[in-house]
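Chain lettering (A, B, C and D) follows the sequence in which the chains are written, and residue indices restart at 1 in each chain.
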Amino acid sequence: MSRIGRFLKSFFLVDMLRGLAVTLRLYFSRKVTVQYPERVQEPSPRFRGIVRLHRNEQGEPLCIACKACQRACGTGCFDIEGKKEEGAKVMRPTRFDWKLDRCTFCGFCVEVCPTSAIRFSREFRLTGTDKDGLLFHLPDMYIAGEDLQSYLCAGCRRPR
Amino acid sequence: MTPFVADVLIPVGKIVAVILYPMIMVVVMIWLERRVVALMQGRLGPNRVGFQGVLQPVADAVKLFFKEDIMQRQADAFLFNISPVLVMFSSLLAFCFVPLGEPIRIGTYTLTLWIAESPVGLLIILGLSSISVFGVIFGGWASNSKYPLMGALRSVVQVLSYEIPTGLTVLTVAFVARSMDLVEIVRRQEASGTWYGFLMPVSFIVFWISAIAETNRAPFDLPEAESELVAGYHTEYSGMKFAFFYMAEYAHMVLVSSLVVILFFGGWLPPFPSVKALAFLHAVPGFVWYLVKIMFFLYLYVWIRATLPRYRFDSLIRLVWKWLIPLALANFLVVALVRFLR
Amino acid sequence: MAFKEIDLNMGPQHPSTHGVLRLKLAVDNEVVLSVEPVIGYLHRGMEKLWESLTYTQVVPLTDRLDYLASLSNNLGYVLTVEKLAGIEVPRRARYIRVVLAELQRLASHLAWLGFQANDIGAMSVLLYGFEARETVLDIFEEYCGARLTIHGIRIGGVPHDLDAALAARIRKVLDGIPKRLADIRALLDDNRIWKQRTVGIGRIAAGDAIAYGLTGPGLRACGLAWDMRKDIPYSSYDEFDFDVPLGRNGDVYDRYLVRLEEICQSIRIVRQALDGLPEGETSAKVPRVLKVAPAEVFHTIEAPKGVLGFYIKSNGTDKPERVKMKSPSFINLQSLEHMCKGNLFSDVVGILGSLDIVLGEIDK
Amino acid sequence: MPDAAADRPELRPALDALAARFPGEVLSVDVDKGDLTVRLGKAGLIPVLRALKEEAGFNALEDVIVLDNLRTAGEGGKRFTVLYQLCRFPGADRVRLAVDVGEDEGLDSAVPVYRSADWAEREAFDMFGVRFEGHPGLRRIYMPEDFEGHPLRKDFPLEGRDGGV
């Protein structure tokens, strides 16, 4: 029987019809597309977006310019200089240059920072229009959210 | 109905209509293909330009219009430029012979929904559809680069060998309808009450498979197999020339679908013409039935493309010479016997 | 008229070479006479770079080798360093590593399935395969925050713990995969066009396979049960029970079946690892600046593409003296010419796809 | 010859047979971190490879690794060490052969014995400049043909030469 069965199956194109049935069923199934600019899929809590510096509650910067992150970074993104003000307890960075285009998002700097001044944000829209726009200086390291978009790429960012 | 209107205005109007009809169908077809393939793959497809992406093909056409139209230095200029015209011309011209519906009587004047009705309309359409092969060969050869040449060689062999089963199956229909005139065939189906597709299922299946192969579509899209020959015979084309090839392929598909509908599914006849109970279906104009049937077959084209992998070249040729042609011959023999005995 | 053979150039810019690979083909009227792969377009000098970085800083760079299976590269390198420095990894960390490595194998095979089917024409399977893979990448994103270059395994253990909620989500993803796979198998498995394009194509005998150094699913499709997870177990793979799928005649169709079966086996392993997850630390105590006494060591793991090996020589400082990576795709690509001889031009695409090569790993 | 394979008793007979067969060539056999290394003289490479393949069943050459001992070699020491990673299937035992090679000396190619050595040796030549006599087509594999120098040598600058290729 199996030989005739096989012949009949192949003559009446059963294998192809089964395939067509699958695509037809999927034709009516749920679509996975997310309409991107209008609806942005929220990344997970541990998402490794661009790294940002943080301030404590009183608004003073947490960073004490210990350069642990500069040493830990494998691709040399950091260039930090710090100075201890008279009477201040702790050193503060005077220059904090960070290159976004060299960063591999590996997370060593975040892990090694003693005061957890530098942490991952969940921002993944990191397109810029020019190369020096990707070089962040000290004040720029605190920008986050929408004004990070305008800092990175003021040009084509349509107001949402 | 002054002679001026009858002899000039109406024919010109009809000619413009026949040119616009395939263009609109091509636009609809491009949109349909991108949407249906997308929906079958679990995604939405173009839905930004115009309502649900309907204007996307127009956007593509405008983009292609403004794209730079480059030509290889060593390309054979004349052949390189003539081939898109050849391909487009043959597809559009064939639409003149495609009857879209029952002639409409306006007062004393009967407006026939086709441009030309000739006793050998079927033959002319087949002849024209093989002219587009010339366009493909010249295009592939004239681009003077390896991939288009291989694409052209492949499509020549494919289209020529698939014309034989097409011709044979079309012959069975002409044989049963005792005429090559498309309008006559539809009238014959109306008279006999059954569609030829149900009368001769084998010729319908063979015709449909070889029709897919002839338009280089779905499992038989060897000449333009992206993953192998980059883009086949129109690799070197860009801008409007590429748009011509692109639109001609879709026009050819619409042409072949309308041929299938007319020959096997009773052009503009409602589903069961002879059954008296369904007489109310006649209220719907013939043209609508014709369109519904064409849309089904265009959908079938896209459905097959989204599902089946691509044949390899030698198995494609083996399929036609070892299976389709013998089947078509046997079928023709059976039809002839049946006709003779009855 | 003697037909002059055409020498055709496929790549480096070509839709189906999975990256920047150039194939110099000598073709006589569609029949392939010779295939010569030309590589080096994606050479970034990884091994030179590694000699100037500390042991920990090399790990994120190994993500960029086989970018479709970055966790496997991490695991391969990290196990070699731990063997070199004699670091004992806690059992819970080893189990989490098995979960991550097998999920990565799942994702890599699903990506391969999509590319392979698309090369042979079944374009919808590309989308189905990638949609299934997205669910697995969501797990990686939830676990350590990245989807492609994941850097989710560190020297000494794993960065984060696997809590019950994440384990539940992993199980839900694992339940979804077989359903999607069933759709794909219904489309391809006994489709006559698919079988014509794959059965008997690119066949290689077991003896030649070993001679050419073929490893991974390509070798197992010839019927040889060579799987590093079983032969030289690492990261407590010997505590899981799974079988090694084998093919019979080593052609493209058998490699397709072997990889599909491996997906099911990986699901089995992940379930066992999740059920038996032991308590304990997720990482051993590793000094911030890891100095390793002078020694040399070679260690291999079973990556999705084949046997991935790392050779590291240390010189007492915190930077390795020499790191050499044995790339499975690099060695597998050598057997392409043997498989393609005599087949047609359009089969080269199918055979190249069945080798599942990634150019980042070949060019280093 | 230090007592080798203390913790790998099953390889003991094979090692003794090997050492006895090639007295002049097998310089030392040692086990470190579970890996078995056999140091060989240049001449003994191909015979030992052939013996290991035919008799001991090491049917797979997994990798050819080159080390540049520019800074670590003593005065008379040879500049390069070429390592051959062999593996046995089934049984999955591993052995590493080490051969010291001077800068301009060649080395016999292993391709006649192991077909998979082809590209590995081409990479070794491209990156270090070690010549392999008898190799079917010894040319660069990563770098373009007209590239001078060998990048993985210790004296090749990390940032590359200015102008590069």
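Keep in mind that, in the parts below, contacts are C-beta pairs under 8 Å (C-beta built on N, C-alpha and C of every residue); 3 or more make two chains touch, one makes a residue touch a chain.
Because the structure is a prediction, the values reported are computed rather than measured.
Number of steps on the shortest path from subunit C to subunit D, with steps defined by chain touch: 1. Counting only chains that touch, the fewest steps needed to get from subunit A to subunit D is 2. Taking A-C and A-B together, the pair of chains sharing more C-beta contacts is A-C.
Farthest from subunit D in terms of Cα centroid separation is B. Averaging C-alpha coordinates per chain places the centre of subunit B 65 Å away from that of subunit D. Annotation: 25 Å between the Cα-based centres of subunit A and subunit C.
Distance between chain centres (mean CA atoms), subunit A to subunit B: 49 Å.
Distance between chain centres (mean CA atoms), subunit B to subunit C: 45 Å. The residues of subunit C that reach two or more other chains are 124, 128, 131, 187-188, 191, listed in rising order.
For subunit A, the set of residues touching two or more other chains reads 16, 19, 22-23, 26, 32.
Arrangement of the chains shown, judged by which pairs touch: an irregular graph that fits none of the line, ring, star or complete shapes.
This structure has the following touching chain pairs: A-B, A-C, B-C, C-D. Residues 39-40, 43, 45, 47-49, 52, 83-84, 86, 208, 210-213, 224-226, 228, 231-232, 295-298, 300, 307, 309, 311, 313, 315, 321-322, 324, 326, 330-331, 333-334, 363-364 of subunit C touch subunit D in their complex.
Residues of subunit D that touch subunit C in their complex: 32-35, 37, 59-63, 65, 67-68, 72, 83, 85, 89-90, 92, 94, 96, 114-116, 118-120, 127, 140-144, 151-152, 156, 158, 160. The touching residues of subunit C, when paired with subunit A in their complex, are 53-54, 56-61, 63, 124, 128, 131, 134, 138, 141-146, 149, 151, 159-160, 183, 186-188, 190-192, 288. On the subunit A side of its complex with subunit C, the touching residues are 10, 15-16, 18-19, 21-23, 26, 32, 43-44, 46-48, 72-74, 104-108, 111-112, 120.
Residue ranges of subunit A in contact with subunit B, taken from their complex: 16, 19-20, 22-24, 26-27, 29-33.
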